[in-house]
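One chain, subunit A, appears in both complexes that follow, with subunit B as partner in the first and subunit C in the second.
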Partner chain A sequence: MARIVVDPVSRIEGHLRIEANLEGGKLNDAWSSGTMFRGIEMILKGRDPREAWIWAQRICGVCTMVHAIASVRAVEDALKIDVPENAKLVRNLIAGAQMVQDHVVHFYHLHALDWVDVAAALKADPAKTSSLAQSISNCEKSSTTYFKGVQARVKAVVDSGQLSLFASGYWGHPAYTLPPEVNLMAVAHYLEALAWQKDFIRIHAVLGGKNPHPQSFLVGGMSTAMDPDEPAAVITPERIIFMRDLVRGALKFVNDYYIPDVLAIAPLYKDWFTRGEGLGNFLAYGDYSLGDQSDPKTFLFPRGIVMGRDISQVFPVDPHKITESVAHSWYEYSDGSAEGRHPAIGETIPKYSGPKAPFDHLDVDAKYSWLKAPRYDGKPMEVGPLARMVVGYASGKKEIKDSIDGVLKALNAPPTVLFSTLGRIAARALESQLMAKQLEGWVNQLDDNLSHGKTAIFNPVRWDPSSWPNSAAGVGWHEAPRGALGHWVEIEGKTIKNYQAVVPTTWNAGPRDSKGQRGAYEAALLGTPVADPNRPLEILRTIHSFDPCIACAVHVIDAQGREYTIPRIS
Partner chain B sequence: MLAPDTTLGTALTKRGVTRRQLVKFCSAMLGTLAMPDRYLAQTVAAITKARKPVLVWLQFQDCTGCSESMLRSSHPDVADVVLDLLSWEYHEVVMAGAGDAANKVLDRVAKEEKGKYIVVVEGAIPTAENGMYCTIGGRTALDIATQMCTNAAATVAVGACAFDGGLVRANPNPTGALGVHEAVPGIKVINMSGCPHNPVNTAAVLVHYLTFHDLPDLDQYNRPLFAYGRIIHDQCERRAHFDAGRFVTEWGDDGHKKGWCLYKMGCKGPQASFNCPIVQWNDHTSWPIRAGHGCIACASPRFWDHMSPFYDRLPSVPGFGVETSAGQIGVGLVGAAVAGVTVHGLVRTIWPVPYPANAITPAAPDAAPTAGKEN
Partner chain C sequence: MLEAYLEATVLGLGNLVHMDDGAGVHAISLLQMDPRVPHGVVLLDGGTQGLGLLHHISSARRLLVVDAVDVAEPPGTVVRFEGAALRGLPGKASIHQLGFADLMVALELLGESPGEVVVLGVQPESTEWGADLTPAVAAAIPKLVDCVVAELEAWRTQ
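Moving on, here comes the complex of A and B:
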């Protein structure tokens, strides 16, 4: 039995280490460890809750703004502030744009190199590549000359002997099985996506001043003042036109590149429709509504739970059932137990007990991660695009069902193929398309409000802290690109008494709990064949399919260890 | 492993970059660096003759926002920087290799490129708990930073966290986080503060280094003067409103819609130095004040503790709101910055109390900046 260690797991956000046991060519056990800790919630204590979002946003700069939105929602929930429709529209636009951009970057820049052999692209015939590209997409950039140019660029890099970002890849690994032309097409689209992502995300600059870390959220609304007649306003007719062009371009990119590429590559790796299945339990809080944020009926992505791959039933989400265990995490609870605690009464005392650096292996029978182990009703859950699509499909949400059924028909496959490494990739692509279709509608609604002089974008009733109760508690939910996100805030005497975040990647990448139940990554790796233990490409494929974000996942809850009322949800 | 005759010039020619395009790019870089055109020929020559220098980008206690910011670079295009301008051999968030294959790159570069490569650091470096709050490949961040920075030609610290510990170091600094120049003393470091750093400035520093084999002129925090030498308030598009006494007094009010000054809403522009209003963000699309929100002084030392609460108005300053005095503050700072003279005393009078007033972040073991001494 061989122990495989992958550390760093690259092409993710943050610092993740995977240890796995290989026996008979397959992984028979795995451990997921987050290896970095900052303590942002401790730092938030005592600050002004109105600025909590500025701090919390820095939990992550890849899925930037997701913690900002969850944070303002938590404080608005605590102070009972209703935000104007325009603010909801702008937030949906910022978050929706983030989801599309982030998913595209994930597919092309963080995940594609697990499937695409850059070196093999040199063997491709540009003319054949052109025919292939034209057969799957209406994309304009598909001529033989275009692909020749891309190939020449790759060749120049390879010939220079300085391979830059590609220097350390597993090129030539037997698990790379795409024809050379598909490799060349994918490399070309890697570069196209690199150019597109920075262009499209200018929508965040319009609505937030910059990306990463847009700076326009306010507790009570948004700072993006609207006025049809003031050129110095933030949202103006001219900027509406600019944003409309950007969101149309996004839908075109998703339709011309992302979806066709996923549909072209997936059938060439059919084995991965049965690998990387994992837990089969899915949790989505739901999001993207212009209505009451606690009314899931209005959500584009529904709220719900699917257990044991049974899509005939969707269970409601009861937030009281969320707990976090530290049995295998480098924390302790003040009462000495390691059992799961609800975030509202959670506490964390960081206490490293792993090996001294430099080390070769973690003691996986003891504590081995800076991530906690969140559980729902005691069970580990998967969150993220696949969870959203499975819950949406099982809920009978028409747009989601049509989208998934269309792809399943094209692939001639049953819904069970969703529960796999490729299923996660397909779900992410499909939800990008669903979201990209929504964006223009939100721009148009904003335009409509602007031209009718409906410009309210901030609710001032609770801006002045003297209008606040002495103590208040709230929760903010969001469906971030990587899944279900919740922030809990407790305010006392105008400052933050306690701040907590339960984050998508904590659900997925967390370690075992006190019962020894594996987290989602750990479960998904079981049974995965690994051809070459020194080049464990197969591990990367499944782990990357979750789109890890470890900076998000590692956090600390600093509470007084006493109970208070758990904030309302729905 | 490098073909000695391979230069960036031949690489660019091979991929069809014309000399005209190259000159345009170099010219844009000089613009950002605020350097006269007479350096153009030298810059073009350096870019075309240099063999691609190796760059490694290390990530420690970070949010990856500074990496993402670099990916938003438009002029030069990010693909040009990563593939053509430099040999970008290690960068966890985007490189192909993982695990051992990645770790070997660091060892190889430190050995074979000793004294020649550039290292970029993103994120703070934890020093408490023997550094175990951040490990990569079983090694601590401090261990890796020490190896890679001491063997490099120069270290570029991008973002607030690598500059001075940033948010991670904010009170109560649970992990003993430090900026790279404090965690690894004695190295040649240039600080690109900001949350995140602005990729326009970082690209310009890299081009400057490729051209002159040296760093541009720096201020007292080792930040390039071309980017950090001027006060935001003096470059702000809303400055005329400040001078005329036209202020936003409530979010969403008429003044807010008309783009009036955000000083009363807590804007820290009057005591923040950065070229944010000029270079802006995301291909010059906008910047935070243009989006209707005050500046949080994200490029200033220890801004998280010293510039918050972010919605509190700057303390009453004698003469503030009066055109001449405000103007004099700006002129004074620019003059001092150009002369390379520190301006501690002046700004200290503006902002005497750190936040939280009664809980200053514990000082680092060395001469870490503390309230009142800096900014």
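Moving on, here comes the complex of A and C:
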């Protein structure tokens, strides 16, 4: 039996290590280890709860605003603040735009290279690529000349030796089985996606006041004034038009590129419709109200739980049943127990007991990860786009059901193919389309409110700390691009007494619990065939299908050991 | 003031909750209040955003990046990279997988590379969790800011 170690898993945020046992060409066990400690909770203690979101949004390098939203919602819940409809719409737009952009970037820039061979794209026939592209999509950029140009640009970068973005692929691996033309088309769309996401995210500059780190959140609403009598009004008729153009462009990109590309590539890898199944337990907190912003029944993505792949039943979410175990995590609880603890009384007390670097293997019978192991009613759960789509499908949510049934029909496949590595990829694409369709509705609702003089966007009733109770506790829910996110806050004497964030990747990438139950990544790797233990592309395919975000980007540029003199400035 | 106008972007990178990793962002905060910064210069707190930063820097005429750079020198040492030396800065080897080097390649692929790029770095001591800089790096920030100002001044008088 061979032990495969993938460390670090590349093309993700943060640091993740996978150890897996290979026997008879297949993985028979796996362990997922977050190798960096996340200590945001300690930084938030003692701070003013109204500024918690500013710090919380720095938890993650990329999806900053998801933590801002969860944080203000938690404090609003604790202080019982009702937020005006406009603020909810703006939050939906910010988060929804983030979701579409994030999913596109994940598919093309973080995940596609597990399936698409850049080296093979250089061998493609541009004319054949052109006919292929024209057969699957209406997008305008599909001529032979266009694909020739792309080939030349990519070749120039590859020839320069500065592979960078492309450097972490296992080029030439036998598991890359796409025809050269599909590779070239995908690489061309990789570049189109780069250009599109760059323009689209300007919507955050409008709504966030300042991108990349939005400054427009407030406990009680948003600071993006709509009242035309205010000199600093941000949401104006001109900006409504600008945003409408951007969100229409988003839907066009998803329809012209993302969905056709997924549908073109997936059938060429159909083994992966049965690999990477994982736990089969799905949790979604639900989010993104349509219509009445205060009614969870109007959520675009419903709240619920599906157990054991049984889509005939959806269970309600009981927040009291969420716990985090540290039996295999480098933490201790003050009562000495490693058993599950509810996040409202959660603790972050680091206690590293792993091997000293350098080491070959983690001691997986003991503690082996910086991630805790979240559980729902004692069970491990998968969160994310697939969880949202499965819960939505099982709930009979019409938009979701129609969307999934349409794709299953196109692929001539039963719903069970959803529970797979490719199922996760397809769910993410379909969810992007559902969200992109919805964005314009929120823009129109804002427009309507604006033209009817309904401009309230901030509720100041609890802004002054003297209006707060002496102690209060609350929770903020959000469906972030990567899945169910919860922030729990406890306020005492006007400052934060305790803060805990249970983030999507902790659900998915967490280690075993005290009962030895595997986390979602660990379960999803079981049975996966690996052709070459030295180049475990198959492991990356399944792990990347979850869109890992270890949510703690430290990113010092590391120039050590490089062959050049250090240009010191004295 | 017209003659002081300069088309340049200063991009501070780093994570504010990882002590010295946030050095570049701390420098941007100081520069925002610094009267020596010529008009027209865009000061940008880039945090640890990867591709999300593309639209801010695409086709920038001049780009000055301020960041923590681990060069195995004493903490607080300020270093400068430009031209060919930038090619040695890894994307993949950094903890943040889509790092600065990847941004540069992405722009190259799009045909939107900045005209000139300079990186000013400071050697971190600790990038553990914490909202404060270590004393050595905190002491180096004014010098880092001075270096940024000098760099901008050199561009302005080019």
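As a working rule, the second predicted complex is superposed on the first by the 531 of 570 C-alpha atoms of A that agree within 3 Å, B and C clash if a C-alpha of one lies under 4 Å from a C-alpha of the other, contacts with A are read in each partner's own complex, and residues count from 1 in each chain.
Following the convention adopted for this analysis, a contact is a pair of C-beta atoms (placed from the backbone, for glycine too) under 8 Å apart; a residue touches a chain by one contact, two chains touch by 3 or more.
Just so it is clear, the model here is predicted, and its values are computed rather than measured.
Student: Thinking of the overlay built on chain A, is A:Lys494 touched by subunit B (first), by subunit C (second), by both, or by neither?
Tutor: Touch partners of A:Lys494: none, neither subunit B nor subunit C.
Student: Is A:Val157 touching anything from subunit B or subunit C once the two structures are fitted on A? First, second, both or neither.
Tutor: So A:Val157 meets both subunit B and subunit C here.
Student: Touching A:Thr455 in the superposition: subunit B (first), subunit C (second), both, neither?
Tutor: first
Student: Is the number of subunit A residues in contact higher for subunit B or for subunit C?
Tutor: B
Student: Applying the document's definition of touch, where does A:Ser216 land relative to subunit B and subunit C: first, second, both, or neither?
Tutor: The first partner, subunit B, only.
Student: Report for A:Lys123: first if it touches subunit B alone, second if subunit C alone, otherwise both or neither.
Tutor: Neither partner.
Student: Quick check for you: in the superposed arrangement, does A:Gln197 touch first (subunit B), second (subunit C), both or neither?
Tutor: Touch partners of A:Gln197: subunit B and subunit C.
Student: Of the two partner chains, subunit B (first) and subunit C (second), which one does A:Gly39 touch, if any: first, second, both, or neither?
Tutor: After superposing on A, A:Gly39 lies in contact with both subunit B and subunit C.
Student: Check whether A:Lys297 is in contact with subunit B, with subunit C, with both or with neither, and answer first, second, both or neither.
Tutor: Neither partner.
Student: Can you pull the subunit A residues that subunit B and subunit C both touch?
Tutor: Dual-contact residues (subunit A): 8, 10-15, 36-40, 42-43, 55, 58-59, 61-62, 64, 105, 109-110, 153, 157, 162-165, 167-168, 191, 194-195, 197-199, 201-202, 210-213, 556.
Student: Can you name the residues of subunit A that touch subunit C in the complex?
Tutor: 8, 10-15, 36-40, 42-43, 55, 58-59, 61-62, 64, 101, 105, 109-110, 153-154, 157, 162-165, 167-168, 191, 194-195, 197-199, 201-202, 210-213, 552-560, 562-564, 566-569
Student: Show which residues of subunit A lie in contact with subunit B when the two form their complex.
Tutor: For subunit A paired with subunit B, touching residues are 5-15, 35-40, 42-43, 46-48, 50-51, 54-55, 58-62, 64, 105, 109-110, 113, 118, 149, 152-153, 155-157, 159-170, 191, 194-195, 197-199, 201-202, 204-216, 218, 220-227, 230, 232-234, 350, 352, 354, 356-360, 370, 455-458, 460, 463, 534-536, 540, 551, 556.
Student: Which positions of subunit C touch subunit A when the two form their complex?
Tutor: It is residues 13-18, 20-21, 45-56, 58, 67-73, 77-81, 85, 87-102, 104-106, 108-111, 119, 121, 124, 127-131, 143, 147 of subunit C that touch subunit A.
Student: Spell out the residues on subunit B that touch subunit A in their complex, using ranges where they run on.
Tutor: 1-3, 6, 11, 14-16, 52, 54, 59-69, 71-74, 77-79, 82-83, 86-105, 124, 126, 129-140, 143, 167-168, 170-175, 177, 195-196, 250-252, 256-259, 280-283, 285-293, 296, 304, 308-312, 356, 359
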